[in-house]
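The structure under discussion is supplied below as structure tokens; questions concerning it will follow.
A, B, C, D, E and F label the chains in the order they appear, each numbered from 1.
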Amino acid sequence: MSTERVAYVNGEILPESQASVSINDRGFLYGDAVFDTTRTFNGEIFRLEQHLDRFYESLRYMRIDSPVGKAEMKNITLNVLKKNLEILPDGDDYWVSQRVSRGVRGLPGIMKPTIVVECFPLPLEERAEYYRDGIKMIASSIRRTAPESLSPRAKMHNYINLIQAELEIQSQDSKALALLLDVNGNLCEGHGANIFLVKQGVIYTPREQFVLAGISRQVTIELATNLGYEIKETDLDIFDAYTSDEIFVTSTSFCICPVSSINGLQVKSQNIPGDVTLELQSAYSKLVKMDFVKQYLDKL
Amino acid sequence: MSTERVAYVNGEILPESQASVSINDRGFLYGDAVFDTTRTFNGEIFRLEQHLDRFYESLRYMRIDSPVGKAEMKNITLNVLKKNLEILPDGDDYWVSQRVSRGVRGLPGIMKPTIVVECFPLPLEERAEYYRDGIKMIASSIRRTAPESLSPRAKMHNYINLIQAELEIQSQDSKALALLLDVNGNLCEGHGANIFLVKQGVIYTPREQFVLAGISRQVTIELATNLGYEIKETDLDIFDAYTSDEIFVTSTSFCICPVSSINGLQVKSQNIPGDVTLELQSAYSKLVKMDFVKQYLDKL
Amino acid sequence: MSTERVAYVNGEILPESQASVSINDRGFLYGDAVFDTTRTFNGEIFRLEQHLDRFYESLRYMRIDSPVGKAEMKNITLNVLKKNLEILPDGDDYWVSQRVSRGVRGLPGIMKPTIVVECFPLPLEERAEYYRDGIKMIASSIRRTAPESLSPRAKMHNYINLIQAELEIQSQDSKALALLLDVNGNLCEGHGANIFLVKQGVIYTPREQFVLAGISRQVTIELATNLGYEIKETDLDIFDAYTSDEIFVTSTSFCICPVSSINGLQVKSQNIPGDVTLELQSAYSKLVKMDFVKQYLDKL
Amino acid sequence: MSTERVAYVNGEILPESQASVSINDRGFLYGDAVFDTTRTFNGEIFRLEQHLDRFYESLRYMRIDSPVGKAEMKNITLNVLKKNLEILPDGDDYWVSQRVSRGVRGLPGIMKPTIVVECFPLPLEERAEYYRDGIKMIASSIRRTAPESLSPRAKMHNYINLIQAELEIQSQDSKALALLLDVNGNLCEGHGANIFLVKQGVIYTPREQFVLAGISRQVTIELATNLGYEIKETDLDIFDAYTSDEIFVTSTSFCICPVSSINGLQVKSQNIPGDVTLELQSAYSKLVKMDFVKQYLDKL
Amino acid sequence: MSTERVAYVNGEILPESQASVSINDRGFLYGDAVFDTTRTFNGEIFRLEQHLDRFYESLRYMRIDSPVGKAEMKNITLNVLKKNLEILPDGDDYWVSQRVSRGVRGLPGIMKPTIVVECFPLPLEERAEYYRDGIKMIASSIRRTAPESLSPRAKMHNYINLIQAELEIQSQDSKALALLLDVNGNLCEGHGANIFLVKQGVIYTPREQFVLAGISRQVTIELATNLGYEIKETDLDIFDAYTSDEIFVTSTSFCICPVSSINGLQVKSQNIPGDVTLELQSAYSKLVKMDFVKQYLDKL
Amino acid sequence: MSTERVAYVNGEILPESQASVSINDRGFLYGDAVFDTTRTFNGEIFRLEQHLDRFYESLRYMRIDSPVGKAEMKNITLNVLKKNLEILPDGDDYWVSQRVSRGVRGLPGIMKPTIVVECFPLPLEERAEYYRDGIKMIASSIRRTAPESLSPRAKMHNYINLIQAELEIQSQDSKALALLLDVNGNLCEGHGANIFLVKQGVIYTPREQFVLAGISRQVTIELATNLGYEIKETDLDIFDAYTSDEIFVTSTSFCICPVSSINGLQVKSQNIPGDVTLELQSAYSKLVKMDFVKQYLDKL
């Protein structure tokens, strides 16, 4: 049995080392492509339909007309995942992504979108200590791109705004995570992560317009609501962050991960994770039928 | 003799159909890559050193440490061009580009940048009528990404802001060119093209900070200065554009191309190109030792 | 019987061809005037009181002290309408407007506001095809004037901001309607029309602060609420528009009219009008006791 | 001999009391019109050509195609002026204005612009004390409309932004003049007046982009340059105003008028006008061959 | 018995004339200090705990680690108040404030925060006429500092932004109160006072993010809610203010005080205070067990 | 002879330990005060007149009418300095500052400004390594207060905006210096330090409007001009900083100090200080007749 992951590229399933796109692919030349990513829990894919729905919204925003429809994309995804699960080490899990670029320039005829579906192992070990110690989050001097220039709500292959923030912060502390403010100075998001504040029992998160509203953000809102918490989606700023009891981030891979300090200021809560964060993590684990925190901590 | 172009990818020269990057290359995943492009005139490459200087500034902005230095990059470029010139049809010319991405995720060891050098034929035919009739330029509702989010002065593989403007405008008129305003509402740039206004004998172009200051923009400023024109780099807006005598754009491939209307309003000058534009085109042709306008018009 | 419409000007009822204001009227010199407009359905005037309330708010914002009070203004309006109904062709209807300018400069004594009340036939024929094919809506590069400069919520005789947007868009496509974004890049309004999005059964419209909140916008919100729809007044942007199922505009004359495309991108709904738009149109017709859609379509 | 002024309206010369525009004229309905104004000195019109050049630029910005060309407009202007000079009292002078609106709605055929040329006596008496005591200038809380919404550089019949500032300030002090800041908080302009600061012998005035750059502003710059002053057109703010030695405004009618206080803070210069202002006033008087300051002061 | 007030400074209770801070105290050098202020009603301190909670949030925002904890601070406060009540004239009341600066520069060892607790008599006489005639409120041209520069929500010793607005307005009318707009042009706050609008029975006040949300603002919201009013915390602008029925401000000392005019425009309500304001004042008086309006009016 | 420094406070010269201001001084309560600071070189005060000129401009901006005039302030300053020089250790130097607050609240009569003049030893040892290794400069997420809220050009006792940036950066790296961007994202200033970039032999520094234009900034511009360098005062951003050859800061105490990295990215120049910085430092030392770099380095 092969020990190499496989990927789907334009109709073929190939070993990852052979899975490539042309240097003339607009996804490479311009980042002119769209993607979405879900993850597995114990090999089970989570909320694939919801991710695909968002994926086709991103495609629509980009006016890319995918030759592969939603149902077929689902089948391809499940097929690629199945093949890759065979070589997944015990205790690990995958990111599973669909990607569609506008196509290859310079070929005869009408441009044909490039389709890629692939799996990538979660960086469990790299992030394990975040679950024990909390994330040090630092606001970047760079502002999240404004919606009047490019919507942060479509998942596209243009990440340099977020990467620049990351480079700025991680050159100070390689383990810290960058927080971007929006052009009004409000809390926005990190590289692929949504932020939540807990203050006096109420849970706050930035309004959807300036951030990519993650599926895990939505899951967290639902879980919190079910647990009886009041959730407010509203403009938040550094003052809110500094005076919060707890802070956590959510993302497809993180699920829910506690933040220990913001701009070097320890959050109020003595224990990491704080009580509310812990309760939400437990509810999340229950929903995904796996203790995702333990999965991370086991890698320490 | 092969009729296929070749490209350099990470140390190898390959037929373009085999020149590719991994689906895990950050240049593809995030547009996390840098490039620069010059063109040939009659097969002679133009201002390669100046383009390479800018290329290494873009790399520095992106904190990508290219394993290939400037001198070697020049050699590779000349070598790739030489091979491709053998199959260049008479009367045609190339774009010649260097590209460096941050590398491929998930490989063992430290990430190693991906290096690509390639040639691509100029779209002479597609644009020929612009030189006869002038470009219809239309301001997009989308604003150019602000420098506080991402500098427009580094040439990076993140073009969706410009592509969205293009999609918006070209869904109205497939031949029109999009003009982006900056976040202050000033004239900024098109997809890869700088804009110039001529009014009462004075030539104006937007300040460098909000635009990618093209080499051809610089060439044009030098030529105009030598011809005795006053050139002002300053904030310009739609009022300036509407009340100009002539408008033209510059880019590596366009060199200098006249604009006939802005937002559907004909420029004042009766003839296309206007007198100043024509004079600058002639000077440009002389500098590059080739009548670039004729090259375009011959394709009609 | 005369076939000419009449208008009220400063106490007199005159044939429209003799109804004029001085060249020294500040309404002409500076647009220093206020107005409001309602329409008739089958000759019946609609929500006159509500329009007059708004009219006197606009006057207050402008610090114009109308010598004619609300009750008298209502009487004048009904009187002017009555006279004009006599010559209204079957199947047609009127806009009915009150206008008050600050007065005439250069006359002795304290400046006395100029009062005008007039009827104008609805452009049913001109707009009929919008009801069959939907409106092509295109975002202008011009931003709606910010409230810190001039409130968009008072109806005043200063329309050049909207007219410039219209000129920009209609020089591309004379049938298209201009959509203005506000200074934050949010969806705002067209020339006299409010915009609504329908997405997954929820109805959205921009917050009132940046738009002139039309009476028909209010009527639509009431009708939708009564029909059981959830309505959200919130910040919306181009991403929302591109991913909506249906889009429609409302105005005094349009009532509710479907939008077929936004920036050249077809709305998702296959049929024009979409299901929700159609349901609201029917409710609107019922409320005004006339099939206003049929009235438009009959003009085709 | 008649004692009533006359005006030109669409080909006719009429007594002003009969000079009017239709209530359906877009100049009245929307302020959809353009104008320019020069003044006479001792009955001699000043820089008419320069004003007409600017007038046709405003028309172009508004895409109004005047049926009356520049040469004819000049003749009409001189003719209207000549007739009105006959009744001009000794020691007085006129504003002389051209106005073109987009035309009258609802008439058959293509819309035909409305042309008005008129004279209006300068408010010499009303403003006389400004020349003796200086102007009290107060910054309004209202910001000048941003160029991305409407260019302040075209002279149009949309003055409510400026009128609102005036109403705000004059409800505090009916003799004070409103100063508007632009959307960046920089000094901008008053209702029809440009502002200049003098500091340590250097003269400053706001950049042209955010203000209507008056002809008298231009004249002042020329005079100051000839007198050997350094003039800087640059971004200025309240700190600059508070720390200036002298402040003055320029306009067609004001020519040059000293400011005595800004936001209630007396300018540094003990005498009103300050030395530089006085020198410029004298040069202005010499240029226009009349002591315009004396003309104002004689009305006290 | 002494007739001099006393204050607590770093552990000592001193006569106010001897209560001072070093010229090297950062509270003096940089305004690098935090405070909070409550008031007494008939000598009874009001909502001290709530004020202290906010005080410690401000300290946290400023990263000042007070050596005196909340409980001890309460004791000190009550003690200082008790001593000062002995000399409080009948009918008067106090402001009672806690202040903590970051400490004194240049001393050996780690910097030690400076602690001050003091009482100051309310300016009842100075403000009495506001309760009879209403406040004349005028919008300043200065914008409230943006949250991305400094949070308006922490109570700090940096008041120049508000003081500049006050100086600007009061140089026009020494009795007027300055209203600041935020950087978006929305109604924000005065020097230490929150603003409320009443329109058609609904009560509006600006969102908390851009203003220091006073305790009395919170009290007013609670009282209004209990009285059955709908309260909306939302973006408000000058149009809202001009078209309101009643306007009032709240602050620790004002409690609730009516506004009679905004930018010189009389509020709609004929009587001062308006009906809703009066009802809220009565409820406030009941809550604090003292007729605070009478207390002010008695000083006339 | 006493070993304690003395300070001038309101007419008296006192040992520093007794030099204080009332807790009711507005300088303490609100930071409602103005200052300026020069330094000595070998005990010689530098450019005192220029600093005093700026001091009185700051007072004017704040509308504080100092009872002590410029000449007397100079005498007091020289007197205080003279007394303090007696106890200045060899090799050390002083900051010498004038401070004027608006006065003490609550005293009878008109408020009388508080005057302080004091000396403070330069932190030579603390900063010595900056001269050997260069400064690590990091851009804060906090934006410099906008001029429309508070002018950065007056030196006032309101420093929390700068202190917050410093706290944010120094909680990551206690030796790093914070760089603030202005509200447009341009390079602005650090806490009391101006920034300069050197690129291809040209020297750049931000425009004066958004920064406190230091005297040492001015000295540096003069020295550079005399040495034949081109100096540009213009908008600069992070792209400029990342692609510079050398970066340095200037301030009263720093004179000229090299920056080694910006946001963790090493400046291009291999040696610290770079060639241009070194040349300017030498010229500065010559001007002040003391090797200020050696003075710092001797403290290592």
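Here are some notes:
Operating definition for what follows: contacts are C-beta pairs under 8 Å (C-beta built on N, C-alpha and C of every residue); 3 or more make two chains touch, one makes a residue touch a chain.
Computed from a predicted model, the values in this text were never measured in an experiment.
At the interface between subunit A and subunit B, over half of the residue numbers involved are used by both copies, so each side presents largely the same positions. Centre-to-centre, using mean CA coordinates, subunit D is 44 Å away from subunit E. Taking each chain's centre as the mean of its C-alpha atoms, subunit B lies 58 Å from subunit E.
In subunit E, the positions touching at least two other chains are 63, 142-143, 146, 148-149, 167, 171, 181, 185, 238, 265. Under the contact rule defined at the top, the touching pairs of chains are A-B, A-C, A-E, A-F, B-C, B-D, B-F, C-D, C-E, D-E, D-F, E-F. For subunit E in complex with subunit D, the touching residues are 138-143, 167-168, 171-173, 181, 185, 238, 263-265. Those residues of subunit A that touch subunit E in the complex are listed here as 181, 184-186, 235, 237-239, 242-243, 265, 268. Only residues 7, 9, 16-17, 19-25, 27-33, 35, 62-63, 99, 101, 105-106, 116, 118, 120-121, 142-146, 148-150, 156-161, 163-164, 167, 171, 183 of subunit F touch subunit E when the two sit together in their complex.
Within the complex formed with subunit E, the subunit C residues making contact are 57, 60-61, 63, 146-149, 151, 153-154, 207, 209.
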